[in-house]
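We just call them A, B and C in the order they show up, numbering each chain from 1.
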Amino acid sequence: MIRQIGFELYKMSRRPRTYLGFAAFVLINFFVMIGLKYGHLEMVGTHGAMRTGFGVVGSPVNAEFMSWLVLASPLAGPILIMFMPFFICLVFGEIFAGEVGDGTLRTVLCRPVRRSSFFAAKFMASLIYALCLVGFLGASAYVMGWAFFGRGGLLVGGTFENPMIAWYAHRPALWRLALGYALMGTGAVTVGMIAFFISNWLHNSLGAIGGAIMLLFTMLIIGEIPYFKPIKDYLFSTHLLMGQKAFWDPIPWKEIAFSIKCLGVYVAALFFVSLAIFRRKDVLA
Amino acid sequence: MRLRIRVAPALAALLALSAVAVAVEKPSADAIIAALKKGFAGVNDYSAQVTVTVKGPQVSINGMQMKLYFKKPSKWHIDAEQGVAMFPQGNFFGNPAEELATGAQATYVKSENRLGTDCHVLKISRPNAGPGAPALTLWVDKKHTVIVAAESATESAMKTSWRYAMIDGKYYLPTEICADLRPPGGANANKPVKATIRFSNYKVNKGIDDKIFQSKPQTADNGPHLRRRYRN
Amino acid sequence: MAPIISASKLTKRFRRVLAVDGLDLEVERGEVFGFLGPNGAGKSTTLRMMVGLIRPTRGSVRLFGHDVWREHCAALRNVGAMIESPAFYKYLSGRDNLRILYNTGGNCTRKQIDETLDIVGLLGRADDKVKSYSQGMRQRLGIGLAILGKPDLVLMDEPTNGLDPQGMKEVRDLIGRLSRDMNMTVFLSSHLLHEVEQICTRIAVVNKGRVIETGNVSDLLRQSETYDVHAHPVEAASETILRLEWADVEASADGMLNVRLTAGTPAELNKALVEQGIAVSALIPRKPSLEELYLRLMQEQ
């Protein structure tokens, strides 16, 4: 199984599309850095409010702040809702449908390999990719921020849901960032699993990618309609931004645990249903 | 006639004795204020490590560290050791007695033990602070003549307390200031905001170059060479 | 010894379409087995069921005694297969493709891969990406994957598809060597009947999902052997042969009689004619080709 995962990762590494997400995040981080460096307070306008009642010396802009900015600030919304899901689905959605389309699924399944092992290896490889992509987003933001602004404590601006302004020293900031990105990874994997499921079911990578993104946006819209408020907490889209909660003080562990459970149910259900379909399906292509 | 002549001196003596007794038991509030304002008279300059913690419904600052420099008469400089330094506005870093300003009228209330320290309790009214400015209650350490606690009868009901320690065996300087207030209005009305400022690693009267007070506040520079090249 | 391939009442229905209908088949070790049939006969479906790509609706197929669907890994452990046009990862080299595809469920060394590439004539292009390969090269690579690791059983679907005549001959020779020298059993499906006739020892002909004929190639062809009989008078000769229970006769346009013996020998035929006073000037055996046999079978269907 480990070897099979290695093969899947190797195949993934040889496809240029795998690197699209990484390249995009380097670009995003670069432009954020430029905006912070030359846009000065315009980029940190939210911090003007906190100056009331406080004397401020220095600048909150540093590596930790950049990592937070692309994860949990209002700027992170488009990244988490659009960019990340798209690049994740690009890989998850192609991983099965691509093999069917190319005919290689037929070639592989003629070998003495169990379908469940093959399926699980593909899932694990996709999972590793998703976590690497999420980690890269944070790490590249951190490294760029470190190179241009240095390191220090983390000043966190408030959001609509939690208007608290908080500051954390360097070490607590690092583990909160790690927690935030881990939670972001959970959300990313959930969206990816939807594409994975569609890819396995329909054998169409474009359909898988488009279908997953469409479902994400639909869930987001449904979550905003008051009539559906009772089910909002059970929609996966509601929990995509739970990485922000890593910076609340105190950290709402119960809410985070609920989000993880909710997303875990989605991932598990999609995994097992996909596996059941894959084990029984006829490979005609 | 002989009785009235004998009672009068006795009464006069009694009154005189009473006046002396009062003078000994109840020190002058104004004298205490004056002594407070002398404040850290022997301190010409000092630097200290300051750690700020603020907890409230919409703010959470956890152990923000900064370096504080002071030089008489009123030069201040703060270096942010972790990129940024935020501290509650107000004279938390100086002699709290300076807040009293001129025109404050002090009244001695009583003696009381506060925070394990024997204190004079003074009530301060500040007509110069504006009509209706609330009174301020001060607890003053009897031994060292420093403010140990203060409570303001404002709408935010702010309470502040100071802890001190003897530095270098000579200087009695604050090691901790705690402030507790409740915003009177808004979404977080009456929810407490607690601020704690800790001072440590004092270096008193070691001499501080005036250049420090002319330079920009320094921030921590842990970045690699590239960062130094592109700094503002 | 148990057959290497054993299909029993193998059936596959795709909704309303009955692609394979109760197919029974056995292939013994060491055979080169040809699987023939028209388009839509169920050949590919049968092959796919043999390698576990398609789940049988009823019945079962066993390889080396293991049910392919229930004991997939055990059944395919010593099997190499090339089903339809071989598919590879276009963005990987030929060598990488063999390494990854074979080692998914196997273990081979670089030396074995290089040897196999040499056998199929691709060693010089081993490190080029498959997307730069021609159709013929991909076909060779598919054959290479099927024979890599020297399996005991090789399943091939149209192995010479896309190859030039030289390549076709090389593949035919290779299949012959696999059987003779490496003792492999080869099961191949092909439309090229003359090719099957040259290399296969046994065949099965399938139509509408059922086996309609199976047996050794030589036996089948011998059973289908006919004789051109030049006899005079032709009508009397024809009547005489018709009276024989063990012979069928057809008259041809040029006055010759074409006789098929279901039993008996040519000498007995000659004697029967001569005894009736018929002059037999020629008795020429005509061995049909597999194509003729096949076409005859299809016509009978």
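One rule holds in what follows: a residue touches a chain if its C-beta (ideal position, glycine included) is under 8 Å from a C-beta of that chain, and two chains touch if they have at least 3 such contacts.
Every value quoted in this text rests on a predicted model; they were computed, and no experiment measured them.
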Worksheet entry | Label of the chain whose CA centroid is most distant from the centroid of chain A | C
Discussion item. If I count C-beta pairs in contact for every pair of chains, which pair wins?
Written reply: A-B
Worksheet item: Whose Cα centre is nearest the centre of all Cα atoms in view?
Response: A
Discussion item. Just the number, please: Cα centre separation of chain A and chain B in whole Å.
Written reply: 50
Worksheet item: Using mean CA coordinates as chain centres, what's the chain A-chain C distance in Å?
Response: 53
Item to complete: Starting from the mean Cα coordinates of chain B and chain C, work out the distance between those two points in Å.
Response: 102
Worksheet, complete the sentence: Residues of chain C that touch two or more other chains sit at none
Discussion item. Taking the touch rule as given, give the residues of chain C at its contact with chain A in the complex, in rising order.
Written reply: 14, 48, 51-55, 72-77, 79, 81, 83-92, 100-106, 145
Fill in: For the chain A and chain C complex, residues of the former touching the latter
3-4, 7, 10-11, 14-15, 102-104, 106-115, 118, 280, 282-284
Worksheet item: Mind pulling up the chain B residues that touch chain A in the complex?
Response: 55, 57-66, 78-89, 217, 219-224, 226-227, 230
Discussion item. Using the touch definition from the top, list the residues of chain A that touch chain B in their complex.
Written reply: 37, 50, 53-63, 65, 146-153, 155, 158, 163-170, 172, 249
